[in-house]
Each structure stands twice: as C-alpha cells, then as structure tokens.
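The structure is given below, and queries will be raised subsequently.
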Amino acid sequence: MLSVSLQHSRPGFALDVAFDAPPGITVLFGRSGSGKTTVVNAVAGLLRPAQGRISLNGRDLCDTDQGLWLPPNRRRIGYVFQEGRLFPHLTVRQNLLFGNWFAPKAAPRADLDQIVEMLGIGHLLKRRPGGLSGGEKQRIAIGRALLSAPEMILADEPLAALDEARKAEILPYFERLRDESGIPILYVSHSASEVARLATTVVVLQDGKTTRQGPAAEILSDPKVMPTGVRSVGAVLETRLKAHHPDGLSELDAGGLSLFLPRVAQAPGQMVRVRISAHEVILSRGKPEGLSALNILPGQVDQIHSGEGPGAMVSLRTPAGRILVRITQRSAQALGLEEGSDCYAVIKSVAIAPGDISKISGS
Amino acid sequence: MEWLGAEEWQAVALSLRVSFWATLVAMPFAVLTAFALARWEFAGKQLFNGLVHLPLILPPVVTGYLLLLTFGTQGPVGGLLQELGIVLAFRWTGAALAAAIMGFPLMVRAIRLSIEAVDPKLEQAAATLGASRPWVFATVTLPLILPGVIAGSILGFAKAMGEFGATITFVSNIPGQTQTLPSAVYAFLQTPGGEAAAARLVMISIAIAMGALLLSEFLARRAARRIGDG
Amino acid sequence: RAGQVIVFAPASMTNAIARIRAEFEAATGHQVLVSFAGSSVLARQIELGAPADVFLSANPAWMDYLEEKGRIVGETRFDLVGNQLVLIGHGKQPPADLTSKDNLLERLSGRRFAMALTEAVPAGIYAKAALSSMNLWESVQPDVVQTDNVRAALALVATGEAPFGVVYATDARASSAVSVVARFPADSHPQIVYPAAAVAPADNPAALGFLDHLKTLSVQSILMEEGFSRLPD
Amino acid sequence: MLSVSLQHSRPGFALDVAFDAPPGITVLFGRSGSGKTTVVNAVAGLLRPAQGRISLNGRDLCDTDQGLWLPPNRRRIGYVFQEGRLFPHLTVRQNLLFGNWFAPKAAPRADLDQIVEMLGIGHLLKRRPGGLSGGEKQRIAIGRALLSAPEMILADEPLAALDEARKAEILPYFERLRDESGIPILYVSHSASEVARLATTVVVLQDGKTTRQGPAAEILSDPKVMPTGVRSVGAVLETRLKAHHPDGLSELDAGGLSLFLPRVAQAPGQMVRVRISAHEVILSRGKPEGLSALNILPGQVDQIHSGEGPGAMVSLRTPAGRILVRITQRSAQALGLEEGSDCYAVIKSVAIAPGDISKISGS
Amino acid sequence: MEWLGAEEWQAVALSLRVSFWATLVAMPFAVLTAFALARWEFAGKQLFNGLVHLPLILPPVVTGYLLLLTFGTQGPVGGLLQELGIVLAFRWTGAALAAAIMGFPLMVRAIRLSIEAVDPKLEQAAATLGASRPWVFATVTLPLILPGVIAGSILGFAKAMGEFGATITFVSNIPGQTQTLPSAVYAFLQTPGGEAAAARLVMISIAIAMGALLLSEFLARRAARRIGDG
C-alpha cells in the first residue's frame, strides 16, 4: 500500500494531490502536462516536494513535517522512465542487471531469462543502448526496473513506444505482477484500454489536482471523469470461465447467463473480468433473431443520461451485472426507452478486445 | 646510447618516473576536487576554486618557493611529514609533488567539464535502482567521465614532463636524484654552445610526450566508442 | 635632446642599476629602460636582434659570445665591477677558517650544500672551482644541491633547507637569515667580472653616454655600497 | 512524390526496401525494430545508405550509383523525431522558429500563432525545454518541423506520447496538411486507428523488408498483412455529407443509402471517408427491427474467409461499397452464411470513432 | 597608489592587456582547433594534436627560444611579418603571442571536451531544419559548448597572467614595454631585499585572476542554467 499526499508548486503549475495506491495497479490518468510524471518523481525520491507525505507499506519515504526524506536508492522502487534513461556505457545485459547488484541478497528476484524472453530482447543482450530502436530501448528499461527486486514499481507510460503486438505480449506480464507479486504498481498511461485492462485503482489528474479516484470499474464507467473522452467508458463484468468450445470460443458464466468470447487464455473455473465498451453494445426492445451477435443479455433500463452531443448513456440492469450502452438520443426515442423499460443488450463476441479481458487477481 | 651521457639518461628516467607518479597520485584528488566543484555547494567554494587555480596563475618559481616554505624539512607540513619518515625536499618525490601541483588545475578543469556534461538523469536512474551515491559515482559517473579523466591525465603528464620552475626551486637539481629533463635542458642553455645538447633532450621529451598523447587519444577513443553508438 | 637607452642587465644587479639609472636620468634627462633577466637569455636575445643598446653581463663568457658574433662593439667593452664568493650558513654562524680543512669539513659534513648549477650558472661554476682548489669539492659534492640561479641557492640557505651554501657577497647581504661563514680568496676561482659593452651598431649617443657614466666614480661607489667589489687594476 | 529504394545492413539487421510515397500521408507500419526509423533517417539524410536511391518530386536526394548525396540541410525536410530532440539552450519559441531562419524567403510559411494554438503550447513559449513534460516536448517537436516550410514531412511516431484528447486535436491538422498542402508526409505509427485515419498509402515493414504496400483501404482490409492484428481491419466507405440534423447527427449518403453518424465536422456536400472496423459490424439475415442501431445496410455476401481462430471475415457487397465484417465462425454457421447470401449489416452510429471519419482530399 | 611604483603599475596594466588579448585572439583558433580534433579526420591529425600540446611539454624557456628563433626579426616568420609592418619580438604583442601559445593547449582541451559532449543528434536536428554546417555550429554547437569555452578562457587567461619563462625569453623584460607581472616578480626576487615588492605583485596577480575566475564561474553557471532545467 502506497499512500501519497503532496503539494508542490512551480511557476504556472501547482500540484496538490492525495491518493492511496493499494496492492495492484494504480493508474495515474491525465492529459499531457497534468503532473503525472511529477507525482511519480516525488514517489521515486527524485523530486523533493515542498510539502507532503509519502509512505509505502507503512514505511515513511518522505514526510516534510518531520523533515524525513529517504534518498531514492533506499526506497527500493523500480522506475520505468518515460524516456528510457539507459546507461550508454553498459551493455543491454549490464543495464538489465544493474539493479540486481544493489538489491538486498534476500530480496525475491525476477528471473533474467524469463524477462528477457518476455520482452523479446535476447538478441540485444550484448549490444549497447546507442543503436537501439525506440521500442527496444523502452523494453530494456522495463526489464531493468523489473529486475531490481523492487518493493514497488513506477511505470511512466511504459508501453507508449511499443506496437500493439508487443504491447499484447507485455501487458500479461504486468497483470501477473499485479496479481501474483502483491507489490503496488503506479502506472501512468493515457490509453483507456490499457487502463481498463490493468487498473485496480484509477487516479485521475487534471492540472495538478486529483479530480477523482477509486476502483477502476467505477471510474471507467463514469463518462464525466474520463479525461480521454466518452469512448473509453464501459462496464466491467465479473464472470467465471465455464468452458472452452472446440470452435475456438470460450463460454463465460455471467450471473447465470452465458457470454461467448474468442478463446480466453485462462483455465475453466477461473474468474475473469470482461470490459464491455459502452459504444459497442446494441440495444433491442424485442429479443432479436437471426443476428450474427452471439451474446444477447436481457435487462432493464436503470437510468438514461443524455449528454450534450447526440448521444445518450443508458445504464442497464442485467443478471450479469450493470451494463453501459451508448446510443444516439434518436435511437433512445425511437425505441421509446425510459427507466424500467425491458430490453436486450446485443454484444458481438469479437467486439470485445483481447485487451479488455483479464484474469481477476487471487482467483 | 652514444649521443647521450649517463646523466642525461638518468634525467630522462627520472622525468618519466616523476611525471607518472605525479599524474597517478594527483588523479584521485583531481577527480574528487572536480566533483566537489561541479556538484556540491559549500561555504568557501569559490575560495577553494581559486586555490586550485593558483599554480596556474603564480609564476612557477613562486609556487616552488611556497612549496619549499611549506613542505621543506623546515616547513610546517614538511616537518610533520619528516617525523613520519617522508621527505619531499630534494627528493624525486618532491619533484613529483611539484609537478602534480602544477598540473592539478589542468586535470581538475578537464574532469570538471566532463562531470558537468553527465546527464544527472542517468545518475537518478542509477539511484532508483538502489545505487548509493558512491556506487552511482563508480558505476555511472566515472565511466561516463572517462574521456575527461584521460584528457586530464595527458594534460597533467605533459605538464609534468615540462615543469621546470617550481621543480628546480623546490627540489633543486641533483643529478640522478632530482635532475629532471627540463632542468638538464636549462643547464645546457645556460652555456654558450649548449644548444645542441639541449635540443637532443628536448627531442626525447617530445617523443615521450607524443607517445603518451597517442596512447591517451587511443584510450579516449575507446572509451567514447563504448559510450556512443557501440 | 632627450634620448632613450635600453639596457640589458643581469637580474642580480637590479638594485644597483636602479640607483645608477636614477642618477643618470637626473643628470642627462635621458630615459633608461632596463631589462633584467639571466645573462644567457639576454645574450641570446641580443644575438637575435633585441633592441638593446647596452649589455651588462654577469660573466665574460656571454660577452665573448656576442663579441664573436659581432653583436657588440668590442671597443666599447670594459669590465665594470667584480664580485666575491662567500660561504654562507643558515642563521648566526661563527666564522670558519678556510685554511683548516678538517675543521671546516666537520661542520659541513652530511649537510646539504646549496649553490647555483655548477656546470652552467657562473656562480655555480666559480663555487665549484673555489671548492676544488681548496680540495673541499670531493667531500661536499654528494650533498650539493644546485639551483637555477644563485638567488634560489640563497633562499635554500635562508629557509634552512640547506644549512650551507656558496653565493656572491652581494647576495649574502640580502638576507638576515644567513651569515657569512667565510670569504673565498680571489685566487681560488676565476676572476668574477661583470663586463659592459655597447650593442652593435652603437649608434645611440645616449647609450654611449650611459656607458661613459658607468665609468664614473659615483657609479663605482654605488656598486661598492651594493656589495660588489672593486676590480684590481 | 517521394520514391525510395534502399539497401543497408548492420550486424544482425538488413534493410532492403523500395516504395513510393505519393502526395498525402504514407504510413510506415511495422513492429518495434523493423527498421522504420532507419528508413526515415535515410530519407532525411542522417544515414548514408550502402546502396540506394531517394528522390523527392523529381529531385534526387541520394543516388549511390552516381555518388550523389544531398546533405540534410539542403533536403528541405521537416523531421519530427521519435525522441523530440529539442534544443535545450533555446526557448520554446526559438525552437519553433529555428527552421524558419533557414527556410528560403519564398517558401510558403505555416503560421506560428495558428500552430501554437493547435498544439496548445501558447503558455510554454517563453520556457526552455528542460522542464517540459513528455507530451509537451513532443508537441513542440511537431510544431518545429511544421514551421520549417518543408517540402516533405517525416514524422516518427509523433503522437505516441500524447493523450487521446490531444491526439484528437492534432490529427485533423495532419489531415489538413495531407489534403491541402500537397506535400508528401512519411509517417511512422503503430496505431491502427491513426493509420486508418491518416494513411493515403501504407507501407508495411517487417525485419527490414517491405512486405506489402498500397492504398490504405486495400492494406487495411487485408487481415493477413496487418502486423498489429485483426482488430485493425476495416472497410473504408466514401460518402457524401447530406445534412446535419438538429439532434446532433449527420446524415451521409453512401451509394444512395443513408448513414447516420454523430456530427461530422464538415460542410454538407463534402466527400467524407468513413472507416468501419470489421469487428464492430453485426450481420443479420432478416431486416432487424427495434434495434438501437441506426444504420442498417442491405448487402450480399461476397466472400467468407475463415482464419485460424474462432473468427471469420465476411466481405459484403452493399450499395454503399464493400463492407468487412468480422464474426465468429459459429455465427456464420448459425446464420447459414455462404457466398451470395443476402443479409444486413448493422452499424451503430456511435461505434464509429471520430478518428475514423475524415474529409476526402480535394473535395 | 603609494606602495607600488609607476613601473609596477605599468607591469600590472601590461599583464592585463597581454592576457586579455592573448585569450581573445587565441579563442577562435582554439575553438576551430578543438572542433577539428574532436570531429574531423584528416591526415596528420595526431601530429597536429601533438603540435598543439607542445607548449605544455616543452620547458617554457625552450618555447620562448623557439618563438624568438621563429618570430624574431631574424627569424623566418618574423622577417616576413616585419615586411608587413608587424613586429612581435620585444613588443607587448609578442608577450601576448607567447601567452596565447602557452595557454593554447589548455583552451583547446577544455573546448574539445565540451564539443565531444554535445549530442550529435541535436546537430542533426538542426541540419534537417535547414541549417548548413556553419550555421549548425553557430546556433547549436557553440551555445552548447559555451561552458567549455568559458572554462578554456579562464584557463588561458590565468595561464597568461602567470606566464613567465617563454615571455621573458621571447620579449625580454623591458619596463613599460614587455615587463609583465611575472617578469617584474622575477626581477624583484633576484634582488637583495626584493621579496616584499615581489609579494605585493603576486597578491595583485592573484586578485586579478580570482576576479576573472569568479566572473567565469558566474558566466558558466548562467550558460549552464540556460541549457539545463530552465
């Protein structure tokens, strides 16, 4: 558990944040220049805040009232910097193992080979950072932080320089870290799907202030707070994996209803979290027939929220849980939707992105 | 060889020894001083900075005279050292001290420039990975300033090879003991017709320094290649 | 009409020349500029075209050198003054008897002995000759420390780094931290002479005037006051 | 028109590419380490290729056979670097105007104020790059290149460090550049939606080789070549904007059929390109009733392509043009789809991302 | 002032003039030389590098003597210059030349280290923005190496203030014309009872150099602040 409360001001910019990061991944979410890196630097000990207190697992890292200040090297924090910061004079391998030299002998160690393989950097080990591509550098920076046996990980947009395929390979590793290591991770991102997939907790930053914080599911389903816009709104369902079918689909049990998704990489019986983007759900008054969509969930309209644009956000109570649906106001009228109306949510299997499905920790 | 007498060869050997040790022993102090000047804030920093530059400003003879007053057997520091069995005045060690002190500002400047060019962000990164300050210095800063350390060494060494005024004032000119190449050259220049002999010694001096220069360029290039797009 | 004289003189004559110059300037209205450096340096500069009018040398060798090269006008050359070699000791020291060698050696043995370069600098050459002629050289040689000029040797004795040294009588007067232990007899070493001459082409009347002035009695008395010694006629 | 043909090898990496970049945006698409930056550097003149020829608008920039090599400063190319490369000793304003000093007086000039406003960096003009956030730096790098009055723009992942909202503000500017300036833009990206939105031409790089190149619509609808996976496949419809409706929807004419989208920022009568992601379309055998989806296009199955996973890609001929639909094989069977089957494509208005709608150049 | 004679004040003024001009005139050459050594490859580069370092290696008297042989009115270059109306030997301009040459290797080294620390990627960026090589140098490289140029200047200036051996050999020690501070100090040290006057001059020399040092630190700090996290 990391607990942060900070005030710091710079000409034209004032930071005033307070949040807790429980085990799992806490995503710092906010626009460019909102102060994300500043917060992360303060946690790492690279910025000495004017006022504030930071504690990690009960250990005070900084407390300006008491004049307490732990230098960065004694914080045991693995920091993946926004700009890599590889050591130019060391080989990739030496870069990766740098933190290892200084980790207490007793600390649990990530395995070099495993991380090298995950990051796909085996062929680079003997090179120096000078001639690496942007994505290669960033992967090494991730590996270096992971290998330093940290008590907490700070990751400042670690995947921004990577292509989707590579991201898809690395995301599960962050998930595993989140679910298995129990060490808190503070993760800066502006990708809604990364947030949806990884975040246990979301802290929203705007102009240096925390405007909203809480469990990911809650924040992500609130269109008002999502700084990156309405398209990142979605509901999160907690389901249990029932079976894998021979045609490549997996069947999930969502409150007694079946949900079919392209093969989910978990074992049957496991709890799986599925994020359903509001803009990808279709509503129907009658039970639709002859559609290609495999998942049709019955429900009742809970609430209709019309925004400023042409859209409306419909919140639906279903046996599987609350589902958010974004439709046009015109459709809402045409369908005669009002609170309490019965209707069906139509969800395509393939519309659910692999990045929106994730194992639930501890299950 | 025929064309140089035994005493001249002794002078060559002695100059090499003096320059080598002067550079080697001064280097850690130069690195420390450069680091302090580049990175620390402390009271009297500018005074200290001035002190470091003093041997550059003062006429060498004055420096030598001050050394004699301080480190001579009658001087405050020299007397102390003598009780510890360390004698500098009139010894080759004294010549090394004089050479080191004369070269010190050159070394410090070169190293300091390199330190100032090191990106503190890399040092911060090392700190987050658990390296304490001395370790950050040893594993990140030092390798990155290697070109500066090498440049400082060659400046110090070259200066030591050429140092005359402070050396002869502090340790005199005892053949085989404290007669360095420049002292020998000076002696030859004092007499009409001594030019040829002086020229021979100067040539040797140049050859040695050139060798050291080439070596330093080679080392610096290797260090830079390691840091650059290796 | 007031003229200008540029004099190249050995650094050891600084004080004396300053006084002579003041007197000459007051008497003639000419301006005298004096460049002080080691005689070897000055001689080489004159050889290579330095704008000097008058050269004073601390030893005849460099004057001979320039005369050979035709850079001074031989007819104007004369020996200005002499000097004396003395044995000095650090602090107050009782005088020694140079003739009783054993006594002296006992006082000197194993102590550093400072003098100018014995192969190059005139004061050192004279000192070595003097000690040799008195059969002392062999004994003191291992302890001799040589300096690039005689003033540095004096400084060594003054600080006590070298308890003894050989310097000119003019230098010995400068420091109260040393005392004269003995004066070397004039015949124990080549005569110490400071020659003077006009630099070729010697077409500056003011310079010739200055050379003439050097021969006056008042100049001689200034030089005596500064510790130089009269040359035997 | 830029025409590139290059061979260059480095230990462990061999580049061998040839492609043409017509006016408009040519996107270099490929995984981390595939050689994108290397190609861009060669075009900029920062890398001298072992072998090759590069010409821009008929002007040879490099021709190793003739030993011709134009230095970077005479190529008149605006390069947005992957890592910013701002001048630390100059203010933001001086950075922005740097290229301006050297541009020929006659060159058409972008307007500083306009670009500053678009990039949202007005408040930074007096600062130096040292203390800027990652996204701020990247925005200035973009502005600097645009302001140098270039004959061609190279942009190496220019938007990777930016949040969605900021991207949404900057993308239209690249569109305008593409459509109005007529200067070729070589754009490196690994974001499928950026590619879909911006690309005129796509060049796919893999391990230093061009594996596929062609018009964006063609490449993007081919699941096999998209290196970032099946989710970036989609069809592109060319439509004409008919009218803006008072409820905030815009009506587009797509081959005589009406398509309703949330307000499109163009004037009626204009041609608009709409990308419809394959995974967001639902197929129906009968004409569906009572659905919230506003756009229901009739069509005939042209082709069904079953991949390795549980999905199938259905290509549909509709009056609006070809539409790609990704459904599960199970649905395809359940609906009894085969070549020639009549069916309906159901498309939600709000499912079409604003990023997937763009003006068509020249209209 | 009372406690210094007119000639001593002349020496102070002359030393200032000599050091100022020596540093100023040598600087462009030092920058060019440093740039060539850091960035260009050419035949004889190492020889050139050695030549630049020569004044450091040679005993100053030898350097002065070589200067006299070359730039004296009888020398090959000096003779040519004389026909152009430029005389160096035994003029203050010659003292400046000697000081410049003695300080040159120090300047070059400092600047070269700074140039080597400049990230070529920034220069590349400037090139893509249309800047030709000289412009890249003027607008990017030069501002970035300013701390090195300042460090080189102060080294050169301090060296020039302290230079003695080469100066007195090349231009002699003529009051008001070529008598610099160190030469005056030398003259005093050679005279019975001159120590006090010498000490006074040394103090002045130190004060001036310290002032220059403080100024340079201030300028370097400003330059660094501009480059850093301004």
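Per-chain numbering from 1; labels A, B, C, D and E assigned in written order.
FYI, a residue touches a chain if its C-beta (ideal position, glycine included) is under 8 Å from a C-beta of that chain, and two chains touch if they have at least 3 such contacts.
Computed from a predicted model, the values in this text were never measured in an experiment.
Undergrad: Strictly by the touch rule at the top, which chains does chain A share as contacts with chain E?
TA: Shared contacts of chain A and chain E: B, D.
Undergrad: Would you mind checking which chain's C-alpha centre is most distant from the centre of chain D?
TA: C
Undergrad: For chain A and chain B, what's the span in angstrom between their mean Cα positions?
TA: Chain centres of chain A and chain B, defined by C-alpha means, are spaced 57 Å apart.
Undergrad: Starting from the mean Cα coordinates of chain A and chain C, work out the distance between those two points in Å.
TA: 91
Undergrad: Could you work out how far the Cα centre of chain B sits from that of chain D, in whole Å?
TA: It comes to 60 Å between the two C-alpha centres.
Undergrad: In chain E, what residues contact two or more other chains?
TA: Residue numbers touching two or more other chains: 61, 65, 186, 189.
Undergrad: Which chain D residues sit where two or more other chains touch them?
TA: As it turns out, chain D has residues touching two or more other chains at 83, 131.
Undergrad: Which residues belonging to chain C are in contact with no fewer than two other chains?
TA: Residue numbers touching two or more other chains: none in chain C.
Undergrad: Where do chains touch, given as pairs?
TA: Touching chain pairs, listed by label, are A-B, A-D, B-C, B-E, C-E, D-E.
Undergrad: Note which residues of chain D are touching chain E in the complex, please.
TA: Going by the criterion above, the answer is residues 44-46, 71-79, 81, 83, 85, 87-90, 98-99, 101-103, 127-128, 130-131, 144-145, 148.
Undergrad: Quick one: in the complex, what on chain A touches chain D?
TA: 10, 12, 30-33, 36-37, 82-83, 123, 131, 133-136, 139, 156-157, 160-166, 168, 190-192, 227-229, 231-232, 245, 247-249, 260, 262-263, 279-280, 282-286, 288-294, 309-311, 325-332, 335, 346, 348-351, 353
Undergrad: Would you pull the chain B residues touching chain A in the complex into a rising list?
TA: 121-122, 124-133, 135-136, 139-140, 143-144, 226-230
Undergrad: Sort out for me which residues of chain C touch chain E in the complex.
TA: Residue list for chain C touching chain E: 6, 8, 11-12, 14-15, 33-37, 41-42, 44-45, 48-52, 149, 151, 170-171, 173-175, 226-227.
Undergrad: Could you please specify the touching residues of chain B with respect to chain E in the complex?
TA: On the chain B side, the touching residues are 46, 49-50, 53-54, 56-62, 65, 105-106, 109-110, 112-114, 116-117, 147-148, 151, 154-155, 158-159, 161-162, 164-165, 182, 185-186, 189, 198, 202, 205-206, 209-210, 213-214, 217, 224.
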